[in-house]
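I have a structure I would like to understand better, so I am pasting it below and will then ask my questions one at a time.
Chain nomenclature is as follows: A, B, C and D, assigned in order of appearance, with residue numbering initiated at 1 for each chain independently.
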Amino acid sequence: MPRTRVTVWNEHVSERREEAAARVYPLGLHAAVAEGIRDVLRDAVEVRTATLDEPDQGLPEAVLATTEVLVWWGHVAHEQVTDVTVTRVRARVLAGMGLVVLHSGHLSKVFRSLMGTSCNLRWREGEDRELVWTVNPSHPIAQGVPHPLEIGPHEMYGELFDIPQPDELVFVSSFSGGEVFRSGCCFRRGAGRIFYFSPGHQTCPVYRLPGVRRVLANAVIWAHNPAPSPIVPTVSVESPPGWFRRQREPETDG
Amino acid sequence: MPRTRVTVWNEHVSERREEAAARVYPLGLHAAVAEGIRDVLRDAVEVRTATLDEPDQGLPEAVLATTEVLVWWGHVAHEQVTDVTVTRVRARVLAGMGLVVLHSGHLSKVFRSLMGTSCNLRWREGEDRELVWTVNPSHPIAQGVPHPLEIGPHEMYGELFDIPQPDELVFVSSFSGGEVFRSGCCFRRGAGRIFYFSPGHQTCPVYRLPGVRRVLANAVIWAHNPAPSPIVPTVSVESPPGWFRRQREPETDG
Amino acid sequence: MPRTRVTVWNEHVSERREEAAARVYPLGLHAAVAEGIRDVLRDAVEVRTATLDEPDQGLPEAVLATTEVLVWWGHVAHEQVTDVTVTRVRARVLAGMGLVVLHSGHLSKVFRSLMGTSCNLRWREGEDRELVWTVNPSHPIAQGVPHPLEIGPHEMYGELFDIPQPDELVFVSSFSGGEVFRSGCCFRRGAGRIFYFSPGHQTCPVYRLPGVRRVLANAVIWAHNPAPSPIVPTVSVESPPGWFRRQREPETDG
Amino acid sequence: MPRTRVTVWNEHVSERREEAAARVYPLGLHAAVAEGIRDVLRDAVEVRTATLDEPDQGLPEAVLATTEVLVWWGHVAHEQVTDVTVTRVRARVLAGMGLVVLHSGHLSKVFRSLMGTSCNLRWREGEDRELVWTVNPSHPIAQGVPHPLEIGPHEMYGELFDIPQPDELVFVSSFSGGEVFRSGCCFRRGAGRIFYFSPGHQTCPVYRLPGVRRVLANAVIWAHNPAPSPIVPTVSVESPPGWFRRQREPETDG
């Protein structure tokens, strides 16, 4: 079976500027996320990383064209991601590339442009204990995930989270301060599958937790569309009577 | 504008047996729920109550036929509700009567037969503080409801709540013990609209809270289908070619 | 009861350029749409119209601020709508203004920016007969709408329609050429409610059909959010422990 | 990789009574369905068949316990399926067994008990040509399916189909008589995944079409839950404070 090709993208800024982040993720968040996915999925994946300061912001066409699932972590540098990059990534998602958006990536241009809403939320850095509860037990992303998955201390992310109603809501978190958050959300857009997962503050070793690694691995498998449908139209297409029969003729002849 | 005709049904057992419940709801839970709806909606509703020990379990055809929204509270007497009653109520819901199911009504035969799942959950009587958070801010049932709506101390209801994914998820609760719960859920079934709202333990004066009364009133208005669609088929119907044109002819002639 | 304030916006280009459109809608599509809504809802609405060539493209802040539901028709001039206008309209929708998007408005910048997908589809101008079928019989927008609602001859709009899965799918159309289309789709975004309805080609007198007028009127009522929730965050908000209690204190004192 | 264990259940009545059905499916519909799944998935599945006249109606505990996906075809004998069988099958679905319901199985007791609605529809035996269109292009069940998938002549199934709004709508059909139908619908119930697919009248060789076989194979893979979540509660469970931490202790010790 061919391996799922995953690219973990990280702006890689906080871990080089903030001591607290550098201590937790000395090699960058992307390294820990990539390691977690590799540890769970082993031979089923091929994982590389990319960062903002690389050529073409780490995501040239050549990389995107060979990426089946893109994992995205960003926070303080959202505005540095150029519209060219956003357009390129978004087009690939609509054409079938999976997208897993992590934590503060909720405010990334890519995610917001695919959601259509502000994606704002409430937040608090502090000592909250987060519990991630499964509310969709037959969903592939919930498989093997503890109920609840305990995370803490962690940054609080709270409702109202201004997103479209998820196509499938998988996880809901509570925080010791009393807030709740839709922490695991599936969306389908074009031929692409998108999963948002909220845990993962840069100063908390969240991506080292086995339960979180299980979620990331499950999300990668779920988001991977091995045969993206060719039927998503890239422009609105004039379609004469019987077009759908005529388009088949070559197939019949072949 | 004609008034929405509401019937609040209650098994009315705990308040006559448990001192703690009798103290909080001396006239029965149904009286408090009815009062709450009347207080908010005033001339827009006509509210009556019905209980299990009345003839036909309080829900004869004559009552159902003139009920536009049925509110349901039950707990220890679910099994006493006969299949005849369940069949009658369920048929009315599918034909367009609104249904608002409260708290322990999640295990009522009526609700379970409309959901198709077990509707089980986790629970704990104790001193939990419940916070009800809005996650669907444009929904009519969320209008004017505090964010969060604070309830407590209250019984804990926790995930996994074994229901179908709600058509619209409106509220999510957290409990001080750490659990979360999908506490406000909309479902459409046949021509009927169903809302489940979890707060309302028999020993807690939840139905006296202004925020809860606001939710109940909003739910009644939302669930009321003033002109139930005649197109929901009561049997599978053989439909000869052009049936949909022929059925119109009388209308055109008339 | 206060009237719902509706603004019907139309680019108003085809009806001044194409003879076929001018013949059907000599006063502009907006006039026919506005008339249809007024005819059904009468005293319950206050309907005005706006067009692209007016100052601020017909939608200055003053108009939007007093518009509760915006109806949008556009086709050949999507690119002339400025980003300033799009930003202004989109912000109002997320803040609670209803939006009803008609026919070729599926490619308008406003709609696409709220959906996050391409919104492309298949189309054919010709002699197709369209039948609009209700698939959500308890939905307010389906009330009183014939099943099916017959339209024709009409332009064909066919799948795949590249939109997010609607929060509620109300209508599905068939065309005599064999295609199907999700022709009535509800979306909630921020505090706003959005309805897309596909019938309405500029050379077909679709907006004069009683069934279509019923849909438009129902959609206006459904999309109207009389008390938009103040909880949709305009920025992500830092929220110290207990913020939700402290924010209430003024209310308690007042 | 272990094979997915599939059981194709068929009442097997029409093919023994009606000449038209016997001619198309001399070995029974179940044989053709099983063959189609095997042809596409080969070593990835292990497919057996079961019929109503076998002991325990073909579905004793031993069979269900070793079935990961159950495919169901029934039509004239729905009422002969006992409540014991229905209860057993339904419990397995809620516990995680996949269920693929075909054609007239929409009125089976099993499907109706899981949906909660009447599942009625409109129908017409005749010469309709059915076209099955994909409306969810990133869904695994749509992979490799022609757009449209042409079926005909075939029995017409038309809206209103009285089901809950599907969690994911994958296919919509049109018929030459003008009707539409939601022909491919996903539902999650408990730990189980359910797919309904409408093509497959007993007198039409539908299950021999490559496109239909592709759908069935995709549906089997999608419906297979390899590790059903243990968190679906079989009863409502009292959960003392901190239960979720205590339940982990054995795991930590082990």
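Keep in mind that, in the parts below, a residue touches a chain if its C-beta (ideal position, glycine included) is under 8 Å from a C-beta of that chain, and two chains touch if they have at least 3 such contacts.
No experiment lies behind these values; they were computed from the predicted model shown.
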If you tally C-beta contacts across A-C and across B-C, the winner is A-C
Over half shared numbers or under half: where do the identical copies chain A and chain B land at their interface, same or different?
same
Taking each chain's centre as the mean of its C-alpha atoms, give the chain farthest from chain A.
B
Taking each chain's centre as the mean position of its Cα atoms, how many Å separate chain B from chain C?
31
Chain A to chain B: how many Å between their CA centres?
37
Among chain D residues, those touching two or more other chains are 131, 134, 136-137, 147-148, 158, 160, 165, 167-168, 178-179, 188-190, 229, 231-232, 244
Which residues, counting only chain B, touch chain C once they are in their complex?
96, 131, 134, 136-139, 142-144, 146-148, 150, 167-168, 188-193, 225-229, 231-232, 244-245, 248
Where on chain D does chain B make contact in their complex?
94, 107, 113-118, 120-124, 126, 156, 158, 160, 162, 164-165, 167, 177-179, 187-190, 229, 231-244
Complex contacts: residues of chain B adjacent to chain A
129, 131, 133-137, 147-148, 158-161, 165, 168-169, 172-176, 178-180, 182
